[in-house]
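The first chain written gets the first letter, and so on, giving A, B, C and D; residue counts start at 1 in each chain.
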Amino acid sequence: MNVSLDHYLMLSAFLFAIGLCGALSRKNAIIVLMGIEIMFNAGILNFVAFWHYKYFAVLTAQMFAIFAISIAAAESAIGLALVIAVYRHYQSIDVDEMRSLKG
Amino acid sequence: MDQVYKVAPQLLKFLSYLLGWLPWIGKPVAGFLSNPPAWFLLAVAIAIPILFVVSVFPGIFAYTTLVERKALGRIQNRIGPNRVGRWGLLQPIADGVKLLTKEDIVPRSADKFVHFLAPVIAVIPSVLLFSVVPVGAGLVPVDLNIGILFAFAISTASVLALFMGGWASRNKFSLLGAMRAVAQVVSYEVPMVLAAVAVVMAAGSLSTLAIAKAQGGGILNVTHWFVFRPWGFVGFILFTIGAMAESARTPFDIPEAESEIIAGYHTEYSGFKFALFQLGEYLASIAMAGITVTMFLGGYNGPGSGPGILGGLISMFWFFAKLGGMIVLTIWIRGTWPRVRVDQLMSFAWKVLLPMSIVNIVAVGMWHYIAIRPIAWVVTTLWLVLWFITLSKLAASENIEKREYRYAS
Amino acid sequence: MGFIGKGLFEGMVVTARNFVGSYFDKERLVTVQYPEERVQVPENSRTFPFLVFDKDSDPVASMRCVACKICEVECPPQCIYIVMDRDEKGKPQQRPKVFDIDISVCMQCQICVEVCPFDAIKMDNNYEKSQYGRFDELVEHLPELLKSNEFYNKIKPTEATAVDAKLKADAEKKAKKAAPAAKPAATAAKPAAPAAPKPAPVAAPTAKIAIPDDAPFTPEQRQWLSGYLSTVAASGVAPAAAAPVAGTPAAPATEAPAGNWPWHDPGLGMQRRLDLAKETPIADKLMAAMAQTDCHACGYDCRGYADAIATGAETDLSLCLPGEAETANMLKKLMQEAGKL
Amino acid sequence: MEIAFWILSAITVIGAILAITMRNLVHCVLSLILFFLGIAGHYLLLRADFLFAVQVLIYIGAVAVLILFAIMLTRHVTGTEGPREVLGGKWWAGMGTAVIIAGLLWAIIRKDPLAAMLPAGMASTSVTEIGRALVADWLVPFEAMGVLLTAALIGAVVIALEEVIRKR
């Protein structure tokens, strides 16, 4: 049995579900961010798998992956800055406690 | 690896010739070796570079510690180790035996698993770094086309070991050391990579072998080294500073500043785990020296280096001679300069090194587009010198008052 | 000419000069390779005390210590422990059976040396005293403590020469004093002679104080000075005051001849001694209250101190160090009883 | 190839699961690093060398370290809360959504004609090609990415510094 595109798609779907589960059900804001990172990575893995199996000649998918990784880095920087700001305000990073929009 | 793959059949034939004289097993083994299957050739071609890396460089590490102790001693007008063997030549072995037989202490409240894992992880990236260091003409364990990038990617992973060790020890000094280590490595990574970008632009490749090859030729294989270019010289200094900070060598050994935080992240480590931390740190520093040599000091290029067996041996000699020179330079610097302060460390990285490396990239661009060499020399040199003066003036802009001594004169 | 970072390079030049220089200039390397090479310790350096004996052939018999326990009493951290020796009949001998010094407690103050009237305890300069244990290993016993006078002369020549000269002079003086009195003592009471004069310690025959060769004196001055110093060392006072003409018989001893005092035995208890001296004059009672070690800590022997108190020549009743407070109180009591206080 | 795929997949999945289930926050991040490493290995397997280096450099060298730093800066959260406090209030809703989405994706993939496709080529892309593509066809997105990163950097600094500025 060769490894086909199927396997990669399954893997990334599974990872996406895990990431989603973590992002939705955990209380800690940092773990929520980590779940989002897992989802990002699952998506990028899909891009690369499609590139490898179907569009090997063009670099579009790799470019997308590179941009997605950069965006993920920027997103995590902003996200963590927000977490620190929230922590300063609430002395907690529990997402359930961040209920008010007041400053 | 490719080179080894090419010469492997001859090597095996020679071995089979030697082994043929043995009774009993000699004949069948020799027959197997003289006509090896493809998988065996591949295995040999993979095994030889690995064996080379894991035997030669730890040996260099062991004797680097001895040379360091001797040289630091002489710099401070002491004698240095001279008890174990002639001139203390067996000292590294004695140290190893001592560390192996020491009690392995794990703090009670430590995170046992992470505490155990950290020293192991400290060694892995350091050894992996050697896989892209060309030690001779065409002799590189793996010729990756992303060589330099791979080296930087791997070297950032070493931060994790420091962090894990510091965090898992449950000791405030360990944690402080770990945080300092992370902050320092992340900060110095940036100017270091940008200094390497200048070289990549000039050589037109990320492969370490291609970079080394680009510095061959000229008079005696010397004049085309990148360090003999204005931008290369500046890049060399920037990269050396960055590499020293990255591997926490002395002027930048903030993460383990003894006078402030005991031993930093490895305060709670003893015995063999401590030895692994030291091994990882020194191997990383030697590998960084190797990459510096490859990128700026012409790599394996030197008088007499070239293809063929003899040229290859000479090129290996030049590489290791330059590596030794870099190691001695770091030891010399360690014996001379005082440790920088944490805030100075950060402002130096962000306010001096980072702008300077960006200026250096522009200098490479000028060098590339100005066709007449003398003009290029003058223009890039002027550009770099002017920026250096400006930046250092800016960095030193806070006026430090001359201290008045009340009691001392 | 100055440029940025100049100091860094100057520093590197300095260290490079050190590095190269240390291979050519032996003066730079100050390290002493310890077990093979040693630094000569200064003559007056001191570490822990030791006990001096005189004859190599019989260290125990010839040791100077008389177990008077003055040092034990005076020792500030109380690191000395002494038990007096006895023969089979239980008769006290004038030497220690046990002499322990706990060197983990000793603070090397040299007070024991200063209070010793017999020059029996001196300071060593051996600094290699480390041991594998923390308890018994750090207590020195009599056999380790005993060291010969030659050893003392070797480690501290100046001081030892002066001590030898003084001991020799003392012995001579005593011999002269004892000479007229010895005959009656010898004829009168042979069995009890513990207070017979101690045999003179073997001293260097020519106890001359060495004047350093580079001292700025003319030969005549040097000769005079050497004679003066040796006299001072021998007598302990200015030569004019203590220059007995050789051959002149010494004044008859004021003390009664040593002998038939049944209480003169340090092994007896205070009560027993006083019982023995019950029917005797006040001077003998006083003497019985002493510690009977003839240690000379008071400046007399026991007989002499008692006589001096009895005659009023000595008013200080607390001079008997070995007897401690017990003797002092008893002396006071006896004097009050006698109505002399 | 196959063995490598299965080993890397196991590493990736175990890393991901541990990262969102472990109690201790630092352990979570370390598991996340394992997950990132597994993904990087997959990139090598898929002949995307450059992406491998980028993955290690950015995710392990930067993002993971950043998260660790954030954990260090927010004290008392390294996690020995009680068993129930780890999960949010509506955790069953999150779990349900994840399971539903996983099932949907699974169904779609099974139906897809592309699914059984085998590799198109085996040669690694050279970095030179990627570099040329970045500054030729993809120049505008590349520049936009630079602007975005700068903006994100400045934004992060401003957000994190807010309190300090207010105090002054």
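Here is the rule we use: a residue touches a chain if its C-beta (ideal position, glycine included) is under 8 Å from a C-beta of that chain, and two chains touch if they have at least 3 such contacts.
Just so it is clear, the model here is predicted, and its values are computed rather than measured.
Common neighbours of chain A and chain B, listed by label, are D. Relative to the centroid of all protein Cα atoms, the closest per-chain Cα centroid is that of B. Contact counts per chain pair peak at A-D.
Distance from the chain C centre to the chain D centre is 85 Å, each centre being the mean of its Cα atoms. Annotation: 5 Å between the Cα-based centres of chain A and chain D.
Per-chain CA centroids place chain A at a distance of 89 Å from chain C. Mean C-alpha positions place chain B and chain C at a centre distance of 68 Å.
Multi-chain contact residues of chain D (touching two or more other chains) are listed as 50, 54, 62, 69.
In chain C, no residue touches two or more other chains. Touching of two or more other chains is recorded for no residue of chain B. If the chains shown are joined wherever they touch, the resulting network is a simple chain of contacts running from one end to the other without closing. The chain pairs satisfying the stated touch condition come to A-D, B-C, B-D.
Contacts from chain B toward chain D in the complex involve residues 111, 114, 144-146, 149-150, 152-154, 156-157, 159-160, 163-164, 167, 175, 179, 182-183, 186, 189, 205-206.
By the touch criterion stated above, chain D contacts chain A in their complex at residues 1-2, 5, 9, 12-13, 16-17, 19-21, 25, 28-29, 32, 35-36, 39, 42-43, 46-48, 50-51, 54-55, 58-59, 62-63, 66-67, 69-71, 73-74, 77, 79, 85-95, 97-99, 101-102, 105-106, 109, 112, 114-121, 125, 129-130, 133-134, 138, 141, 145, 148-149, 152-153, 155-157, 159-160, 162-163.
Across the complex, chain C meets chain B through its residues 4, 8, 11-12, 14-16, 18-19, 21-23, 28-31, 33.
By the touch criterion stated above, chain D contacts chain B in their complex at residues 24, 26-27, 30, 33, 49-50, 52-54, 56-57, 60-62, 64-65, 68-69, 72, 124, 126-128. Against chain C, the residues of chain B that register as touching in their complex are 71, 74-79, 332-333, 335-337, 388-389, 392, 396.
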